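Sending over a structure as C-alpha cells; questions will come in a sec.
Labels run A, B, C and D following the written order; every chain starts at residue 1.
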C-alpha cells in the first residue's frame, strides 16, 4: 500500500517534469492558432530556443541571460513564421515544416562551428541552470503520512520553469477570456474580416499572437536545455512539439482542456518509462518499441475516437485577403 | 555555361591534386551516423585518430555518413584516392567495407565493431559483455538497495549485449540483485535524447535503483546528470567518463576503440598492419573498467580486489560471460 | 496569388519566380557558409563538380533524384486533394518493408521476371496501406491528417525497429539487418545495364528504379489531368462542396489520393531495398520523405517541375556529401539547412518576390513599348 | 463647398433640407480612380453626398459600387482622386481611419462573429479598457441608451449565431452608432430581409436620418431607391453616369441608366400545360443538432410542364430542401419520388444517383457548389457529369470532345468569352451562371431544381435565364425554383410555395400572388409554426 502510493506520487512527480515543455508548447500553439495561424513549428522553435539558451548559458554562465536568449531566438523564428504567413500569406504548414527543418539543421551546424562538440553544447554547472527549488519545511514534513509525501515529492523540488508552466495555464485562460486582447485574438481567428472592419489591424494582432507563441516555446526550449538537462543535444526535442500540438487540438483550442491533455501525455510517458521491461501478466514483457510508440498511437486513437471532428477556429490557416 | 566550364576546370585541378596526394600513405576514417562527437564509439575512434595525428604528424581524411547509401560511397571515395588504411566505424559499415575491399585488394581496410573476413580487411570486435560484466559487479557491490539500473540507447543487439553482460556481472556478485533495464528508444534519436535519459534515470531511481549504467551515447549525459542530481551513482561507457561528475561516477566501461583506430593507423605507417579478425576482450585490453582519481573514493579496496579477481577469471576462462549476440538471448 | 498570374507572363510565374526563390535560399545558405568561415563560391564549385562533374557523382545524383521524384510526387498528389501528407517518410519505410518481406519469402522460389514486378507492387501496396490509415481517419473520423501522418512516421519507425531487432534480423548478425536477397531479387544497377550494352560506366547506386520514377511522373500527370479520378481529386482539393454537388464522395477521394500518395512514397523502398541495399535495414529512408515536401513545393506540384526540383535536390545531396568530404568544417547538416531554406523561400515565401518582379516587369515592358514607339 | 464638381448631371444636394446651405457635403469624392490590374473598377468617379440626406447609389452587379464604398471605408486605396468628409480632405487608408472621420458601414455580408455575444461583437475594436469586464459594463450602458434613442431592440447577451438576420443587421447598425458614426453606409442591406423586415429597416433608417445621420444606401433594387432616398446616383461599368433627385426621376429612367438601354420587364409565359407529377415529396423531415428540425413535414409535388416557385426569407429551409432533393444532404423521415422512383435515406440519396434519375440541379451558390473556380470553363462544364461516357474514352478523358461540347454549350447559351480554356474564376457572374444552366439544361432533365437562378447576374442575363427556364417548362420539364427575389418568383411561377421555419406555410397560385400577402406569409404573420429558422444554413 505504502509502496504503491509512493509509486503513484513519484509517477505524478515525473509527469509534472515531462509535461512541462508540453504545457508551454500547447499554450504557445493555442495563442497562435486562436489567432488563425497554424503552427506546426512549435518543435523547431523549441529546439532553436534550447540551443540558444544552452549556448548562452555555456558562454556567460547565467541562466537568466540564457532564458532571454532562448526566448529571443524563439520569438525571432515566430516572427519569421509570421512574416511568411501573415505578411506574405504563405502556407502555414509549409512555413512550419521549413522552420522545423531549418532549426534542426542550423542548431547543429552552428553548434559544431561554435563548440566543436558535434552539435552538443558544453555541460553546464548548476549555477548556469535552473535548479530544483526546495520548498520550506520539505524535509520537516517528511514524517507526515500522505500529505507529507505529496508535499515533499510532488510539490516541492522542481525547478522554477515547472512552476511557471503551471501558472501559465490560468494566465493563458485569463488573457484569452478576460482581456481586450483576448477578445480580439479570438475574433481574429474566427472572422478576420470582421476584425478589420472594426478598425483593428489583423496583421498586428496575429503578429502579437505569434510572438506570444514564440515567447512560450522559448520557455519550453530553455527548460529542456538548461533546467531539465544540462546541455543542448542535437534534436533533443524529439517530437514533443508535435505531441503538444496534438494535446492542444485534443483540448479543442481551450487552455484547461489542453492542459489536461498535456498531463495525460506526460503521465503516459511517465508510466511508460516505469512500465518498460515490466512483465505484464498474461502478455509477458511488452516490447520496448510498443511502449515507445504508445504516445503516438494513443494520440491517433484519441484524435480519432474521442473528439471526432475537432472544431478549429473558423479562419485557421487561411491568409487574410481583403475582399472586394 | 562558362561558369560550369570553369568549375569543371577547378574540379579537374582538384582531382589531380588528390591523385598527387594519394601517393603518400594516407589513413582515412569513415564515421558512422552518430557522428564523431557522439560521446560513444565514434568519438573514441576520433580520439584515437587525433592521437595518431599528434604523435606522427600525419594527417588523415575523415567523413561522417548521413544515410545508408553514403557508407559505401564514402569508403569507395577514400579508396579511389588511394587512402590506406581506411577505418570504417560501426557494424553497419561491414557490408560496405566488404564490397569496396574486394574492389581494391591493394588497399588496407579496418572495420571496427564489424565482422568481415577478407585478405585485406582487419576486423576489430570487442567483447563489451566482458567489460560490462565487471561494471555490473561494481554496481551490485556499490548498491545499497540491491537494485541497479541499465539504460541503453537504441534498442539493437549490441546494446542488449552490454545490458546482458552487466546483468550477469551484477548477479555474479550478488545473486539477489535486481537489474532494471530500459532502452531509450527505437530510432537513432535514442542516442541523443538526454531528456529521456534523465527521466528514465529518475524512473529507475524511483523504483529503487541506486547505481545506473548507461550505454546510450549522448543520452548518457542526461543519465549521469540525473544520477548526480539525485545523489546516486552512474557508470559511464566507451571512453573513461569518470571526470564528468567526479564523486558520482562509479566507474566507466572502457572500450578501447581509440586504441583500435590508433593501432590501425600506426601499423599502416609502420608496415606492421595485418588483416584478420581480432576480438578484443579483457585479455587483449580491448575493454576494461576505469579507476582513477575521480572515482577512487567510491571504490573500496575490497571491491577493487573482487573485480580484478573476476577480471582475471574471465581472462583465464574460469568465468564465461555469455554474449547476447551469439544467439540473441541473454542467458544467465 | 491569382493577381500575379494575371499580370505576369507564364514564363515569369512558373520559371523566373521559382528560380529567384531558390537563389534566395542559396544566398542565405551562402551567408551561413561565410558565417562558419568558409568560402561559399568554392563550396558551390565543389558541390557542382561533385554532383555533375564525373560519372560516379552523376550516378549518385540521379540515385537521389529517383527517391525525390517518388516522395515529391507523393506529396503532390495529396496536395491536389487538399491534403498535406507529411507521412512520406513512414510510408517509404513501410513500402521498403513490404518489398523486403516479399523478397525474403519468395526470392528462392520465383524467377526475376516475377520477383521484381511483384516486389514493386508489394512496396506500393504497403506504402499505400500505411497512408490509408491516416486517410481513413481524416476522411471518416475527422482527425487532422498532418498530425496523424506525423504520428505514423514515429509508429512506422518503432514497428520497423521491432521487426528488425526481434524478427527479421539475420541470425548471428550483430547489426539489425536481414539476410541479403538472392541475386534474382536485385534490380539491375545502371552500370550493369550499360555493361550489357557494352558500355562501361562507373559503379553507383543508380538503378532501373529511375526509369520507373520517370514512368510514374508521366503516369501521375495523366492520372491527375486526364482522368475522371484525377478530376475528382482536384475537385475535392479546390472545392469540396462543389465536388459533393458533382456526385464525388470526398471521403473516398481522400482515400484514393492518399492511397496513390502512399504507394508512390512506398516506391522509395523499391529504389533502396530492391535497388541498392538488397536487404532490409534500418533508416534507409534518411529523410527523403520530408525532402519530398520541398521538392513538391518547388515543382509547383507538377510532375515536370518535380523532376527538375528532384534533380536540384539530387545535386544538393550528392554535392553536399562531396562538400562535407572536402571541407571538414562544413558538416552534413548544412544540406538540411539548405533544404529548410528552400522550403521556406519556395514554399512559405513563394510570393515574396512577386511584387518586385511585377514592378520590374512593368517598368521593363513600358520602356520596351516606349522604345518601340520611338523606333516607329 | 457648393457644387465644385462640374459633372454634367450633378444635383444640388441641399435642395430641400432645412438649412443645409451652410453645411459642407458629408462626403465629396472627386475623380476617384481604382484599377485592379487591367480592370478599371472605378474611373473618374465624382459624387457629392449632402449632409443629413439619404443618398442612394444604384447600379448593376459589377458596376463598381462596392469598390467605391470599400475605398470610402479604407479597404482599398485609390489610385488617384480626392476624398473629402465634412468639407475636409482626408486620406482613408484603413477602416480605423474611416471610423475616425465618422463613417460607419453595414456590409452586405455581416461582419460578425457567430460565437460571440451581441455585446462582445459591438465593442470589438472599440473596447474602453484593457480588461474585458469593465469595458463590457460601460458599453452596456451606452448601448442601452442608443437602443432607446433609435428604437433598435436587440438582446445584448444573445449569441450572434442564434439571431435571425434582421436582428444581426440591427447589431451591425448599433456597432456603427456605438463608434459615433455620423455617416452610415449600407451595402445591399435588404437582400436577406423579408419585405416586412425591409420596412422596419427603412423605419430605423429614417429615424437615424432624423437624428442627423447621413445615410448612403447601395442597392440594385429600384423600388427601394424610390421608397426611401432623397437623391440617387447611378453607376455603370465603373463610372458615375447620372445623379438625380429621387422625386425628379422614376424607376424606368433609372433602370435605363443602369443598363444603358431600354429594359423589358415582363415575360410571356403562355399557359402551363401540366402533366404527370414528376417530383413528389411527402412528409419530409430533416433533423438538426438542436431541438427544431431543419425541415419539417414538407409535402408538395411538381408536375411536368410546371414551374413551382418557393418563396421565403433565406435561411428558412429552402437551401436544405434543395440539398435534400438533389441528394447532397440526407433526410430523416418522409418520402421522395423522383421520376417515379423512390428515394430513401439509404437508397439513391446521393447526387450521382439523383442525376441518374434525370434530375438536374442548378445550385444556389454557384461559386461554392456550381463550379470549381480554379477549373477551366470546360472542366467546370462537365462538373457532375465527369463520369459520363460522353466525356471519357477508356480510362481517360476525351479532351477534344469535352472542349467541343463546352463550345457547343457556350454557343447555345451565349456564354462569353467563348473560350473553353478560360479560368472559370475569370468569367463574369452572369456568364458563369449561364454556363451552369447550359450544362444542366443540356442534359434534357425531366426535373430541374434551381436555386437563386439570377443572383448576382446582370439584367441582360436575367432576362435570358428567365426565358430559358420558361422554355424548359414549356417543353414539359418539372421545374422547382427557389429564390429570395419575390419579383422573380411571382414572374415565373405557376404555383408558389412559401417556406418559413423549415415548413411550407402557404401555397398560392402564381397569378393570384401579390407581394404584400406573400411578404406576410414569409414573415409567418399567420403564425402557423413559431419555429425559428436555423441560421447556420
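Here is the rule we go by: a residue touches a chain if its C-beta (ideal position, glycine included) is under 8 Å from a C-beta of that chain, and two chains touch if they have at least 3 such contacts.
Here the structure is a predicted model, which is why all the values come from computation and not from measurement.
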| item | value |
| --- | --- |
| Comparison of A-D and A-C by number of C-beta pairs in contact, larger one | A-C |
| Chain A-chain D separation of Cα centroids, rounded to whole Å | 46 |
| Geometric centre distance via CA averages, chain C-chain A, whole Å | 31 |
| Whole-Å gap between the CA centroids of chain A and chain B | 34 |
| Separation of mean Cα positions, chain D and chain B [Å, integer] | 75 |
| Residue list for chain B, restricted to those that touch at least two other chains | 155, 186 |
| Touching two or more other chains - residues of chain A | 112, 119, 289, 292-293 |
| Chain C, residues touching no fewer than two other chains | 158, 161-162, 165, 331, 335 |
| Chains touching one another, given as label pairs in label order | A-B, A-C, A-D, B-C, C-D |
| Residues on chain D engaged by chain C in the complex (per definition of touch) | 36-38, 326-328, 350-353, 355, 361, 363, 368-375, 379, 382-384, 386-387, 391-392, 395-397, 399, 425-426 |
| Interfacial residue positions of chain A with respect to chain C in the complex | 40, 80, 83-85, 88-91, 93-95, 97-106, 108-110, 112-113, 119, 239, 242, 245-246, 249, 287, 289-290, 292-293, 296-297, 299-300, 303-305, 308-310 |
| List of chain A residues in touch with chain B within their complex | 7, 10-11, 13-14, 17-18, 112, 116-120, 123, 132, 224, 228-231, 233-236, 238, 269-270, 273-274, 276-277, 288-289, 292-293 |
| Interface residues, chain D side, partner chain A - complex | 36, 41, 66-67, 70, 73, 75-76, 94-96, 98-99, 105, 107, 111-116, 120-121, 123-127, 129-133, 135, 175, 179 |
| Contacting residues of chain A [partner chain D, same complex] | 177-184, 186-187, 190-191, 193-201, 314, 322, 324 |
